[in-house]
Amino acid sequence: MTTEFTIIAGGVLCLLGVGLYGLLTVRNLFQVIIALQILVKGAIIALVAAGKISGQINLGQSLAVTVIVADTIVAVIGLALAVQVKRLTGSLDVKNLATLRR
Amino acid sequence: MDMNALTNLPVFLWLIWLPLLWSPVVYLIGRLARRRMATDTAVARWVALIAILSTWLPFAWTWQAFKASGPLSYTLGTITLRLDGLSLLLATAVLALSTLVVIYSNTYMHGELGESKYYAMLVAISGVMVGLGCAADLFNLWLWFEAMAITSYLLVAFYRDQAASLEAGIKYLVQSAVGSVFVLMGIALVLAQTGTLDIVQIQAAAAGQSDSWVLLAAGGLFIVGFGVKIAIVPMHTWLPDAHSQAPSGISAMLSGVVIEAGLIALLRALAPLAGTTTTWGILLIIFGVSNMVVGNLLALRQQQVKRLLAFSSIAHVGYMLIGLGIAIYFGEAAGAEGSFFHLLSHTMMKGLAFLSAGALLYVMHTARGEHDPLLIADLAGASQKYPLVALVFSIALLGLGGLPPLVGFMSKWQILVAGFETRSLMMVGIIAFVALNSVLSLAYYAPMVNAVYRKRPSTAVLSGQPVPAMMNIPLVLLAAAILIVGFWPSLVNGVVQPAGTALMAAFGG
Amino acid sequence: MSAWFIILTIGLSWLGAVCVWLAGDNRPRAQHALAVCFSLAAGAAALALIPNTADKAVISLDAGSVFGLFTFVADGLGVFLAVVATVIGSLAVIFSVEYMRGEAQLGRYYALVLLFIGSMAGLVLTGSLFLMFVFWEMTALCSYALISFYNDDPKAVRGGIKALIITQFGGIGLLAGTLAAYVYLGDYQINTLLAKAQTLPGGVLSFIAFAFLFAAMAKSAQVPFHTWLPDAMEAPTPVSALIHAATMVNAGVYLLARFYPAFAEVAGWKTAVLLIGLITALLAALTAVVATDLKRVLAYSTVSQLGYMVYAIGVGGVFASQFHLFSHAVFKALLFLGAGAVIHATGTRDMRQMGGLRKQMPVVSVVFIIGAAALAGLPILNGFWSKELILEGGLENGPIWAYGGMVLGAGITAYYTLRMVSLVFFGQPQGKKQVHDAGSPMKTALIPLAFGTLTTWLLVGLFGSWLQATLPYHELHTMTIGEMLLRIASEPATWLALGVIALGIAAWLLRGRLAGLAPALSGFGRAAANGFGAETLNRGAVALTQRAAAALQVTQTGQLNWNVLGIMAALVVVLLVLAGAA
Amino acid sequence: MYLNLVLMIAAALCALQALRTKQLLASALWLACTSGIVAGWLYALGAHEVAVIELSVGAGLVTVLFVFGITIAGEDALGLRPLVPWALAGSLALALIGLVGWFILPVAEASTAVTEPTFSTTLWDQRGLDMLVQIGLIFAGVLGILGILAEKETAEEQAIANYKARQTTLIIPQTQAYPLELPSDTPIKESHV
């Protein structure tokens, strides 16, 4: 059993790493949201696995469902913001979205 | 659920549900009224006022019940909501400030596109924050936290036809979401390690595993995850954008209570892990110092008033963190009380600062349909045309600078006393540094006060409109509170001490 | 009884501030009248305290939690300074009626002045260290706001902020000392600290002693913190007279005198105090020699005289220092108000553009010369007696080299005083403006002060016995008037000092012959204008802060990717710290 | 066990591909792929219910929304040089997961099995409060999207236009009443007297 959960934890970390790496490197706002989604996938697996480790997989599942709902809402609001940005400024580039600084 | 169970609900739940139930009502009535009449009579603002005022009723009952029998709790399934001193502190700050902001927005937001949505969200977020303060289940805490974030995205990006406003909204959303994932990871670790999500049970389970690296990692994830919302340096980068671009009432809410709600969420999540290491307190102190340095130095170079105030919020979070660090690391209750006192006084002062800066922004730019930022240069001579706003703005700024006899001085003092109480040489050094930072902050507050009282008015002042009467009400109330509590600090003991006790109990035992 | 008078002294001033503010700037006559009435009433209440002094707390309110008891004590030292604050305050307000006539924003001006008077009275009357700190900061706030009163002028704004930052920086010393005392003694009472000082751990007592000294240096404009005071001269002149000559700047000296019994035994403390006083007295006097702005000359002379008072405490002469403080408050207020009348009439502060005013402003010139003579230490004016007392105390209890320095300082003082008087009142008129003598409100303020300059030294016996009766922890070397006369007349030191003063006067009269020295002194003039390096230090600190801030701004890129990098870096750091600690 | 390993590698690769691809639509599809694999992985873990939801919401609904958004907004800013250098981004991400891994790995054995109620009991009864909060969340989300994205709300727009028009008429006389230009700089009095 130890190895199974270690592998799952490794998988979660991989998704976390990929998502964060994406947040650092992508410049398209849609891809930023996609990177966020990847992070959330990691969190979902982590919660389910944590539930399973403590012998309460249904608890883990309940949490995961809630997280899916909540983060879908966040993703959709993010998408809406991105679309509105594109409408207004004509660009989805993060670099053009850096007028507020200093 | 039969009627009997419904009437037997503890009264503090209404403090949470009532605003949440009002919120759709506010929206629907606002929408319908506007459709029907197609005029500018926005009913939403009045319904919102009724909604927020009606929440004071359960608040008063809750207050009485708390005074009579201490913490109240309610369990549904396996999730518990518990109202203790900490929750009460947050509820007080949230309710007071959101009431004032609703009154303030009455004219400030009037005629904006999406006014009813604005009020619906404003009412909802106050209920959500009270709920956040009461959550005693780790995952439920996260959910309230997420709800707070989701309700505030629209409020931050409210001016949807302004690119800067959208930019602030996106940064806020992405950074909050990253933080929220970190918190979830922490929750998963805690669940895997202790098998429970209830804070009290986690504490019991964690007590036996004082060297658990998994729990250490969880605590670290909590600090960073919630830290994004608290604007701990270096997770603070979204804050100046969001606070300066949001409508001024929302800036006041964000700086005055949302940051603080994040702080309380962090404390709730960290408390059950207190037994694993003493480093939590040290981390808070380190972050407190870096917050002060970064906040003050960056504020020093700002020309936009609201952005400057946003940076000063970062610095003020530093004071709270140091007080809490002292409480947690040295077991010094005075540190927690000072920190919570400062939380309240920051709510008053920063609330007032943003609202009065917003009033000037409104009369100089917004009311004329412009979206230019309010510059320090625009403030010149404002006292001649707007004597009241100028006075309360100065009171807020000088209070933030920590000058007696204003409330900001009293709360800072309490934190400093706690620092000396530790009798640790390192802490005395840090306290001297804190005091030095307080002096440094005067270098950017004082010029604004000077500008306001200049005799030669700026163009913006000359062409400004009169301040709407409704806007003056919250300004005067907050200024009075700053002065009165400054002269008589023990007035807030009733809120601050239970919060301190609750924190020490959560971390100590 | 005295409790009520204390409440009235502070309360009337503050009430006055509110009333003047509420009267509104469109009713200037009412504002003038209200300010005068309230300040006079506060002065009367303070005077009524004189027969009601006591050595115990007469007001005591429990403020709860960490704020302790709010106490007020009407002892000799406190009442004496409260009287100085309120009486000179009311004279300054009366003077302002003419000086500030027609100015905009009178409400703000008078409200701040009255707020200051109340706060200053509170500062000296309170028995709680916490409240003392509160009032200390409030006086700093008022001082700042009044320096920047003409805030369309960037110089005034800069001067105000500089004063605020430097005195607040010093305030950290008072804060740290107060907190240390509270933590180790359990309360904030000044009398507790005085009574139990010797029971404190040695390190803690030294910490408190030096922390308070630090605070006193900033507030009383001692080297190297003195640079704010000359720049504070952008304030309206009555404010300079009240705050930056007669009252607030004395708060540092008051602090040292108040806690002298507790700190006298701390190793090195007295020497440090003495040295600071000596250096300040000399450097400031030398700077006054080259300054050309009338108010700045007076400001430097204030710094220098404060140096004398600090020196006196360093050699154990608490009584002498307070007596000099008293004399100085009276004659320096007179000088400033006189200078104000001159500036008001001529429209300039540059002494090189004055001259020959003796004929045009006879009353002002007479009172100004009386004040100047007191500053120079000429007998029989009040400045003479108190300065001689300090010098003799220094000869008796202090090192001889320090004494020598102070006597030299007296000579320099005489030199620059004479220079000032002759540039302003004698010689050929340089200004083009038609000048008139001061009006009646100005005279009403000037004449009592001139009278005081001539006579206050007669109160020495009364003052001494009064202080002795109410200060249980102080050992004062007081004397009656007869003793003082006898002692000063019989000591050879007196004649030595007078000789040096005469030399100073001679140096000014013979300045034509000494002209050869001028090039040698020009470098010195530059150094003096720079505050002997302190100004460079100030500017360096400001520039460093600004540069650090500018460098830090780079981190606020505004780019989402970098923002996320911040979050990740924070997690890495947190985990590393946790791993390091575990 | 090997299944887990395979799924983990597949999910991570899909995720990486979603972020590296130079076509937005492809990016969304790679995300759907990731989501599908994650759903399978959840199923393999024994979380059957949540696997279905992940499949329908994560792989289905979210993808549809993405595609919808992409068609409105169009392609932009893909494959540009990143603002944070590759090397820094990569090493920081690696350092971060390495550190977290060092803290939490290896994951301890599962504790003794607890008898647990069914999924629906857990979800609706035990975590009922979460469900209640979610209702608020959804309401806020809908309102948020409406607020940001809503097409012109004709009646409301009209009302606001009317209102603004009246406000401007209020302003005009005022801007004329005050001179917009400052009076020419009269020198401040030399000394403050």
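Residue numbering begins at 1 within each chain, and the chains themselves are lettered A, B, C and D in the order written.
Convention: contacts are C-beta pairs under 8 Å (C-beta built on N, C-alpha and C of every residue); 3 or more make two chains touch, one makes a residue touch a chain.
Predicted model only: the values in this text are computed from it and were never measured.
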item: Which of A-D and A-B has more C-beta pairs touching across its chains; value: A-D
item: Rounded Å distance between chain A and chain D, as computed from the means of their C-alpha atoms; value: 8
item: Whole-Å gap separating chain A and chain B, where each centre is the average of the chain's CA atoms; value: 26
item: Between chain C and chain B, distance of the C-alpha-averaged centres to the nearest whole Å; value: 42
item: Chain C and chain D, separation of their C-alpha mean positions in angstrom; value: 60
item: Residue list for chain B, restricted to those that touch at least two other chains; value: 139, 143, 146, 150, 153-154, 157, 160, 169-170, 174, 178, 185, 189, 192, 195, 213, 216-217, 220-221, 240-241, 298, 301, 456
item: For chain A, residues that touch 2 or more chains besides their own; value: 16, 19-20, 23-27, 29, 32, 49, 51, 53-56, 59-60, 63, 66, 70, 73, 77, 81-82, 84, 94-95, 97-100, 102
item: Where chain D touches two or more other chains at once, by residue number; value: 82-84, 88-89, 92-93, 96, 100, 103-104, 107, 111, 114, 126-127, 130, 134, 137, 140-141, 144, 148
item: Category of the chain touch graph - line, ring, star, complete, other; value: complete
item: Complex interface listing, chain D residues touching chain C; value: 82-84, 88-89, 92-93, 95-96, 99-100, 102-103, 188-193
item: Chain C partner contacts - residues on chain A that touch it in the complex; value: 20, 23-27, 32, 94-95, 97-102
item: Contact set on chain D toward chain B in their complex; value: 100, 103-104, 107, 111, 114, 125-130, 133-134, 136-137, 139-141, 143-144, 146-148, 150, 153, 155-160, 162-164, 167-168, 170-171, 174-175, 178-182
item: Chain D-touching residues of chain C, taken from the complex the two chains share; value: 99, 149-150, 152-153, 156, 234-237, 343-344, 347-349, 559, 561-562, 565, 568-569, 571-572, 575-576, 578-579
item: Chain B residues within the chain D interface of the complex; value: 20, 23-24, 27, 34-35, 37-40, 76-79, 81, 111-114, 117-118, 120-121, 124, 127-128, 131, 137, 139-140, 143-144, 146-147, 150-151, 153-154, 157-158, 160, 169, 185, 189, 192, 195, 213-214, 216-217, 220-221, 367-369, 456, 459, 462-463, 465
